[in-house]
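Both complexes shown next keep chain A, but they swap its partner, so chain B is in the first and chain C is in the second.
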Partner chain A sequence: MTAPLLSVEGLRLAFGTGEDAIEALRGVDISIGPGECLGLVGESGSGKSLTAFTTMGLLPTQSQVVAGRVMFAGQDLLQKSERELEQLRGNDLSMIFQEPMTALNPVMHVGEQIAAPLRRHLGLSRKAARTRAIEQLDLVGIPDPHARVDNFPHEMSGGMRQRTMIAMALACDPKLLIADEPTTALDTTIQAQIIELLNGLRRELGLSILIITHDLGVIAEMADRVAVMYGGRVVEESPVDKLFDEPLHPYSKGLLRSTPDIDMPVARRLATISGAVPHVTELPSGCTFHPRCPDRLEICSKEAPEEKCVGAGRRVACWARDVS
Partner chain B sequence: MLDRFFIRFSLVFLGALACVVVFADVIQPHDPLAQDFLNRSAGPSAEYWLGTDTLGRDVLSRIIEGARLSMIIGIASPLIAAVIGISMGTTAAYFGGWVERVITRVTDMMMSFDPLLLGVLIVALLGPGLQNLAVAIAFALVPSFIRLSRGSTLAVRQEAYVDAAIAMGRNTTGTILRHVLPNISGPLIVMTTIWVGTAIRLEATLSFIGLGAQPPMPSWGNIVREGVSDIFGSPLPALFAGLAITLTVLSFNVLGDALRDWLDPERRNQ
Partner chain C sequence: MRRRGPTGGVLGEGCVVTEEPILKLERLQKVFGGKIHAVDGVDLEVRKRETLALVGESGCGKSTVARLALRLTAPTAGTIAFEGRDITKLPQWKLKSIRRRLQFVFQDPYSSLDPRVTAGASITEPMFVHGLVGFGAKRKAKAGELMEKVGLSARHVDQWPRQFSGGQRQRLGIIRAFSVEPHLIVADEPVSALDVSVRSQVINLLQDLQETVGTAYLFISHDMATVKHIADRVAVMYLGRIMETAPKETFFSAPHHPYSQALLSAVPSSHPRRKRQRVVLPGDPPSPAKTPSGCRFHPRCPMAVDRCRNEVPELRAIGKDHQVACHFAAPNPLNVNELLPAGSTATA
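Showing the complex of A and B:
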């Protein structure tokens, strides 16, 4: 594999300080090559969005990075000043958000919002930026972009707003796009369109995408590789087809089993993973998944398993896997 | 219906007042400082429409001249207060940390004093005079601007579009100016309008107790005071100046309420 564009190495993030510190990310390792799409899956609270926000340098208040590096194109983003980060954000790395309803400023024309990064990063004039904004709207498939550029967000549908977000994020030709649950708040048909759009743009622009979702369908459609997160760690990483064929970690297996399948008999109940995601303040000892794990061993509650390489591009952190 | 009547009345009244303030020199029938010794404490006449005061000065001309002062102070002070208060409130809320804690505590402390008391305090420190009056009233209004803008900023700061703006490379100043401020402007505009009325009242009060405009310069407050001291000789100066204060303050309050309703999308649809 060529040198990764983005690699997050051993990232630990904690809320609060000293004795009361709560670790929400407990050593996250992911990497994305140029033009690659990595899917980050996991339940709510597993730390997927937090990983993305940290990568962008958008740390929540009261949180700090305890350890780790976020290497982007050979530079550690965590060592950069706010001013240097401002130069990168929206320019080399960009982000789209879960809620297209709230991610656009309600009192600003969408054209202006798309033009803002263009004017800032590329130094375009007002007029040139507007022309580019119209081209961007056209690129993401918004009909009649000349009229739409002067719309306010409330004059657009959810799907159009998400397209606008994508247009804004891609305005300066970023190398990496972080998509934080880009389809979760949308209707199924619109979801398919947005995935189609992102896939198309990725081919056209050679974009790397980090897509965060809890929808394995989206992963199957988009990602080359998948990292499964649980309790603030990556528990399994694998090429996408391998994960669907043969998940290794009990959590991945559970996730896959709990996804409905169109060929499934109607009468059958959907499998669930028993229990709930533990809150970050009361993570269990050892492997954080052990209280919910069907394959747990003696050692699981005592010691956290290391991530081990198992075959081509596959890594998994599970004691049961080591024994068998 | 009644609401509409009041709103219309306020708009007409404030419009007329604005004209009076701008064209005061032309409209004044007499020099507000000139004394007519033969017509002291006179009632209304063709020559003096609202009569004269104990020194024989034309009450109408003095009220018009006083309107200038009231409007200048009434508009300047809330604007000064708004600029200072909103910058402090938004930065405090945006950055958080100890800056916010200090600003919030100081605001709480200042809010525990009545604005009038704060005004009196500042004028007592700086001495009477026009500029000091404006500063004193502005100072008295700053805490409420800090509090409102801080609260609104805290709410807007959570919105995804602020994160999105930062993720697109906006710097802090740009984010506050272009994304936070426009989204909190509604309540702030309303409050500024209502505070104009309050500032006019404060100016009148301070002038009434002798801390504002100094005689012979006319202000609504000191016209009332001079009128009150001779209320049994001629009640008209105090009455008309008081009426001017009441109507102006009322109009600004009505206008502020109307703006609030108009800017509130939920109520606008009704």
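Showing the complex of A and C:
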């Protein structure tokens, strides 16, 4: 296996300090190889977006990294100064967000917004950057890019704004694109367009993608490997088809079973996971999934299981899978 | 059939159950600001005890149809009939008697409960308004009883909405609607805001309550997988008009309208090895302020011809319970051989 492009190792992040500290990330390990697409899946509050933001060096206020490393191309991003990070962000690492309307500047032409990283990182002139911006808009499939370059974000539709975000993120040929719920706010037919676009760009540009989503369908369409997060940890990691064939962690199983499947005959009742996602301030002891787990053992409420390797590329953190 | 009959008491004795639809919308129109045709001639009916899913993308007017059906907003033209009675122009004070039988569940569990009213008081409000529950301790006891029906603890009747999670709040919203045993519930994206693991619980709850009370749903959704699970019939809306209505089985196995086909093919696959053949639609839905001429889907339609640009296709029956608004819709459009002269066959 080639060296990973990005590896997050034992990342722990807490809000507040001392006694009152709330650990939101409790030892996250993920890695992405060059040209690979890793899907990070989980429900609200599982820590998937927080992992992405920390990777970008965009820590929320009042939070601090307690332990761990974020290695990108051989360097620990957590040790970088703000200035060094600025050199990397938008250049080697880029990010797109769920709601492009809030991520784009509403009073700036989209062309200027795409040109900004080009001028900053590649030192292009205003004119050259504009030409590149038009090329970028064309690359992401925006019709009539020469006219669209002078649009304001509100003059575009949701799908076009997301394309613009992607154009901006990819302007400086980054090695890694972090996509945080990029299709969640979009309609089904537009979601399909954006998925096709990202898959195409990945092939064309050899891009690595970290896709963050709660939607297993998006994972099935895009990811090579999947990491399932729950309660601030990765509970299962697997090649994508293996996860869908045979999920190992009770939470992954529950997620897959409780999602209505359009390709399957309709069952009378949907399978469910009992209870609700715990709030980050009220995470249960031991394995954070144990109060909802059908396979719970006695040890589960006492001690958190470590992630263990269980076959090719598969790791799972579950006491009940600890046999043999 | 999985549905049981009415539970009695609701319809009352001597009430003749005819096959008249519970809700009937005819030529319904809603124009905002004189130019935005949000709903532009919708014909739709919801039958007793069935679930009709109204699907479409944002801006297609499905939520406006929901608000019109509830008479939360008045239509510009057309009629709304509820249980055979024209309620299009009914004044607000007369609507009260109808609202006991016509309830709603909204998408956002955070904004559909009054933050300054306790859970117990919120969910018994409809019963209270309609004089179905007493004061004080009686009302509280009823609230507790209702909460237990949706898997919440009766001990929490005095808690505030903010003390409940999203899924729990949606349960409160659902039992509030069901408390008066309505004949129809208009549910606008009731599970879209919920986490995956909670969503399936709420879908099951919606189905269980429907069975016990015998309610019909007008279920508005953009999520095809949920629709396939919950619906009996499906209606597809695009830019203010119905494009196709069909029984669920027909719709998911043989959708006729090119838009229905594209919509279904755009649903992400449920397994990485089962990627579907995509009909990727070009562009975005146009704005309802500038509806295209002829068939409003023609600028994005892979099958469009001149006729589509000039002539508006009417919704017409092409099979049992199956209506399509497309010039090309024929009982079996996929079978090319049927369209050719007898004796010849199409070659691939």
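Going forward, the second predicted complex is superposed on the first by the 318 of 324 C-alpha atoms of A that agree within 3 Å, B and C clash if a C-alpha of one lies under 4 Å from a C-alpha of the other, contacts with A are read in each partner's own complex, and residues count from 1 in each chain.
We take it that contacts are C-beta pairs under 8 Å (C-beta built on N, C-alpha and C of every residue); 3 or more make two chains touch, one makes a residue touch a chain.
Bear in mind the structure is a predicted one, so any value in this text is a computation, not a measurement.
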| item | value |
| --- | --- |
| Side-by-side fit of chain B and chain C on chain A, or clash | fit |
| Which superposed partner A:Asp261 touches (first chain B, second chain C, both, neither) | second |
| Comparison of chain B and chain C by chain A residues contacted | C |
| Partner chain(s) touched by A:Glu9 [first = chain B, second = chain C, both, neither] | neither |
| Chain B versus chain C as contact partner of A:Leu58, first or second or both or neither | first |
| Partner chain in contact with A:Val107 - chain B first, chain C second, else both or neither | first |
| First (chain B), second (chain C), both or neither touched by A:Asp215 | second |
| Superposition-derived minimum Cα distance between chain C and chain B (Å) | 11 |
| Set intersection of chain A contacts, chain C complex versus chain B complex | none |
| Chain A partner contacts - residues on chain C that touch it in the complex | 2, 57-58, 165, 167-168, 195-201, 203-204, 207, 222, 224-226, 228-229, 252, 262-275, 278, 280-281, 283-285 |
| Of chain A, residues touching chain C in the complex | 43-44, 143, 157-160, 187-193, 195-196, 214-218, 220-221, 223, 240-241, 244, 254-255, 258-264, 266, 268-274, 276-277, 279, 292 |
| Complex interface listing, chain B residues touching chain A | 96, 159-161, 163-172, 174, 178-179, 182-183 |
| Complex contact set, residues of chain A against chain B | 53, 56, 58, 61, 82-83, 86-91, 94-95, 97-99, 102-108, 116-117, 120-121, 165, 168-169 |
